Amino acid sequence: MIFSSDNWAGAHPVIAESLVKAAGGFASAYGTSDLDKKAGNALSEVFEREVAVFFVATGTAANSLALASANRPGGQVFCHREAHVYVDECGAPEFFSHGAKLSAIDGTVGKMRPDLLEKQIRHSRAGGVHGGQPMAITMTQATEAGTVYSLAEIEAIAAIAKAEKLPLHMDGARFANALVSLGTTPAEMTWKRGIDLLSFGGTKNGCWCAEALILFDTSKAEEMGYLRKRSAQLFSKSRFIAAQFDAYLEDGLWLDLARHANGMANELAKGIEASESARLAWPTGSNELFVILKKETAAKLKAQGAVFYDWPVPQTLTDVAEDEGLYRLVTSFATKAEDVRQFIAAC
Amino acid sequence: MIFSSDNWAGAHPVIAESLVKAAGGFASAYGTSDLDKKAGNALSEVFEREVAVFFVATGTAANSLALASANRPGGQVFCHREAHVYVDECGAPEFFSHGAKLSAIDGTVGKMRPDLLEKQIRHSRAGGVHGGQPMAITMTQATEAGTVYSLAEIEAIAAIAKAEKLPLHMDGARFANALVSLGTTPAEMTWKRGIDLLSFGGTKNGCWCAEALILFDTSKAEEMGYLRKRSAQLFSKSRFIAAQFDAYLEDGLWLDLARHANGMANELAKGIEASESARLAWPTGSNELFVILKKETAAKLKAQGAVFYDWPVPQTLTDVAEDEGLYRLVTSFATKAEDVRQFIAAC
Amino acid sequence: MIFSSDNWAGAHPVIAESLVKAAGGFASAYGTSDLDKKAGNALSEVFEREVAVFFVATGTAANSLALASANRPGGQVFCHREAHVYVDECGAPEFFSHGAKLSAIDGTVGKMRPDLLEKQIRHSRAGGVHGGQPMAITMTQATEAGTVYSLAEIEAIAAIAKAEKLPLHMDGARFANALVSLGTTPAEMTWKRGIDLLSFGGTKNGCWCAEALILFDTSKAEEMGYLRKRSAQLFSKSRFIAAQFDAYLEDGLWLDLARHANGMANELAKGIEASESARLAWPTGSNELFVILKKETAAKLKAQGAVFYDWPVPQTLTDVAEDEGLYRLVTSFATKAEDVRQFIAAC
Amino acid sequence: MIFSSDNWAGAHPVIAESLVKAAGGFASAYGTSDLDKKAGNALSEVFEREVAVFFVATGTAANSLALASANRPGGQVFCHREAHVYVDECGAPEFFSHGAKLSAIDGTVGKMRPDLLEKQIRHSRAGGVHGGQPMAITMTQATEAGTVYSLAEIEAIAAIAKAEKLPLHMDGARFANALVSLGTTPAEMTWKRGIDLLSFGGTKNGCWCAEALILFDTSKAEEMGYLRKRSAQLFSKSRFIAAQFDAYLEDGLWLDLARHANGMANELAKGIEASESARLAWPTGSNELFVILKKETAAKLKAQGAVFYDWPVPQTLTDVAEDEGLYRLVTSFATKAEDVRQFIAAC
């Protein structure tokens, strides 16, 4: 009963096999091989337009490079208070962007409130040269709270970005989970709504290590080539990333894997809603659930082998009793229905 | 006849298979899994002491983090003029160390001349606060010229580092090739000679992506954990690196692969020495050869399918005629004896 | 009626004359002249112990260098939400410290609440390598809200710094104003309470340009020498700063100037408290007042030649009516009693 | 007999008095006062066009900000091997530009050889993404060797900058000395030749602290405002710089001071050329001389109270005997004819 994180899973067999297949023979290095090109083209097809693709080692790298490309002295990046870039990246966005300030925007269930975002941007501009200058907005889809911005919600953020002339980045570490949750297309969820740069994550959804920074504005690709290399993120045997994306995108495998993960989370959610000792803190829709349990129930589940994390209670969640706690459950392509059933039965 | 670079090879089958074997099941993330620990322990055994091991995405990352850990304002790093950090890393060492200056030391066949190194360090100190301050020395083993520092030569550099109280880093992108060339042990070639930090490369010698920064002084490990994370180099599914190192180090596979690559280079060298239209620019000993060919011979070889790079003629190489060029040939674990024979026959 | 800022004043005649006196003759450069040493010694006397003194160009430089000296990867600096470093320095602290994150601590009247500070530090540590690491605490004395931390309040912050092994910095842009307000000694208000680094400002209190970073731990002085130089803050004709500090500290001129400024603010406060159309937003004690005025009264005052800034209403100030605004009034060594009387009469 | 450096002089009386005159009254801060505007306009007149002017604390700051404004990842700046930015700024240019690499160009008497500059830029481009990218060229006028680029020589460098699409910066720490040496106008020596950014130094030529970064392309002014502030180089009482420039530029005082300094150097040069125990290492033309003396002569002069620095012998200077040394003599606005006579008599 492993619900700790989707990065506790390994790699899907088809993706692991793709690496074996690509292991033989020689190919040119540093992202120039045929397989690299094939994977790049596959991404252009997925997004229904030409995109510039940069494979990198981690989601943190993709996010940080996206922000670095918007770099301005005294620059400020606007993100949700619980965003990965704000909370979980050890200053990488600040390092890559030479000291940008991340400015936290509040909002329930992991989503920036557009009015607060707008207010904060104006506040930032009001300080003149002393206050620094806005440089980018970044949003997370699916959010760190497991929720999914609707297309209209993305559009509302994008409208602010456009009005303020700020590039808009999407952290898509769980892009596939959000996509199948909305039942829309990659193009509709990104550039058609106003997204300029995308961290496209494959690692959490069945790859070993497959993260790509995608630029919808290809005029910035040349500079990004240098940014990636000087950040030590250019793989020599880049085709080992390409081989993963190749298998990941072929025949919609990536969507199948996300549907499985989301489906498992949905089963969990149903069981929890029906339970008397557990309840959802808020509805999600992706492969992450946030659950309020009696502390003794949580302890019992852990004793039975369930693995999941305690989660800090956000200020906006006010109905957690003294003897209760907030817990996060994450499913993945590798989650088994049997484990879900067992968890529900025990809680 | 691929002699362009050892990073044009793919992955050795045993290593690719190790990834498949590790793909199933769940394991804790960010370098804390059992497989991560196993690979870490294997490296401690290889080096005959406790070491702190940090998996990273690229050799550039390992080098840059090593230098970042020595960071000082106005800091200067001393390296050979042809070193990878100086020539081929797009400013990553400077970026990671917040603007350190790399100071180039001359010397033939890719090796720093100890007297020039010493002179340059003293010169640097002479400028007081205006001139900045020495912060580290980095040497490459095997060198970018394909040669190998002898143990005595390493010791001579290390003596300067010790006298000047500077950390000494070894860029071991081709560590295994140097090691089997010297016929010594990893411990003898590193910390027993005075090396403090090592970039231990597996990628060029049969892995997909297996680079580790090794600290012999484990007291610096805690800080390095933060340095790695804020540089976006901490893999979530870190065990995919561990699985590669696990197979790489088991039963001495890594040494066998390096012996093969060096052996192939040796065969090439013999053939070239016997040829009338080609000669070695200097003897090497590892898996890289630098060859002087008539330009028309080089063109003919390329027309026959040989792949190899033209190389800039260093100032110290004075006997290259107008109609000749300098070329680099690199062998790897994947080089076939048949290709070597074919190349020799054609040149 | 200039109450816009103490940096709208020029220089006190005695200080300007000191520059004229020092203009002749030759003296060694870069902080090594006799006058530099004299000013340094004067500061050691003022603080009743040996201190290391670094003249810099701006208060922002002093603050940023203080934080840079505490630099850690993924580092977090804790400061009040309204602190100058957080709001008004255009990312200089982040730039100088290679991307540190400034973490805002709440508290009324410009003072960090110790319990919130402690909680935030613990929260930061809880994230492990992902969450980064605490690296310093900085407090402002007098605060940006014009208030003054009592000695006991400084001690409470210092106790947390000590327990958490974090260096404690004081931004003393208005150090003299706070000092005469408390009626204590420089030593008592700083190192005897646990302050490790001090930005000692003279510019706002009658100098042209006289800012010093003071290290109570002189073992860090050597490194600071390099930090200052590589930040382009080492003056060649450093004695022009020394000449100002020399006159500033002689015969307690600095304290007289601060007493005058505070006294003028006190007169203003009394007049405002007696007025029916104005009231203090909170009591201060230094040379800054925050006043709630009817917007039409403010407009009338400005029409009569009064110069002062509108101020954003902090969330903790809840009794400002629709037709009222918050305004800041700052006095200085150059404020005239006549202007104070005129202002009071008009409001 | 002080010939150590022009920054050992104090301030010219007219400039010191200008500070006294400006000390009274109130004026808006951060570069917005009437006096700031007046000094800015004076510089526009001096350069016969609209320029954007940024006062900063040091020449190092002006140089580093100029390079920061050209910032590119993996960027390389080309400068002479003896340039101040390369040798004497403790990594400030690298820090301000987030890790740019300074690439040293050789050439006698302090001047870059255009052919070597061109070759190095091409070499840099040849490395592709691994080798980084050219980002700026910086030249020093007068040079660190005391010589002066002719207008044709500036044009030759500028032609390369233009062809390579690189911004061209001039470090004018001794701008006035070069200008009166050439007998040309500020416009002719800068933007009319192709200079894009200028560090305009007043400190060495009679000011206390008066350095300005001048942008001939005013479209970059907005960004520079943020760069300066986040580098902690924006003075609050900026008018104390303006007051110096105001007096400096009025009635050609700055040119008179430079003529005096150059004239004193010329007298020294004549005396040295006539001497049997001393000779010029190379002719200069500005206010710096480089002299070859018998070591015992140098010791004797120092014993008699002459102050001047030993200087490292550049590789290109080959006729210095064992018992001789190279020495630098610098004159300034404050150098007295009597000291020059005394020096000549003694050598």
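Chains here go by letter, A, B, C and D, matching the order in which they are written, and residues are numbered from 1 within each.
Definition applied: contacts are C-beta pairs under 8 Å (C-beta built on N, C-alpha and C of every residue); 3 or more make two chains touch, one makes a residue touch a chain.
Bear in mind that the values here come from a model prediction, so they are computed numbers and not experimental data.
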Message: Count the C-beta contact pairs for C-D and for A-C, then tell me which is higher.
response: C-D
From chain A, the most remote chain by mean C-alpha position: D
- prompt: How big is the gap, in whole Å, between where the Cα atoms of chain B centre and where those of chain C centre?
  reply: 51
Field: Whole-Å separation of chain centres (CA-atom averages), chain A against chain C
entry: 42
Message: Please tell me the distance, in whole Å, between the geometric centres of chain C and chain D computed from their C-alpha atoms.
response: 34
Query: Which residues of chain C are in contact with two or more other chains?
result: 30, 73-74, 89-91, 95, 98-99, 129-130, 132, 226, 229-230, 234
Task: Please give the residue numbers of chain B that touch chain A in the complex, ascending.
output: 2, 4-5, 7-13, 15-17, 19-20, 22-30, 56-61, 64, 89-92, 95-96, 203-204, 208-209, 226, 229-237, 239-240, 307, 334
- request: In the complex, go through chain C and note every residue touching chain A.
  value: 73-75, 87-91, 94-95, 97-102, 123, 127, 129-132, 312
- prompt: Which chain A residues qualify as touching chain D in the complex?
  reply: 30, 68, 72-74, 98-99, 129-130, 132-133, 223, 225-227, 229-230, 234
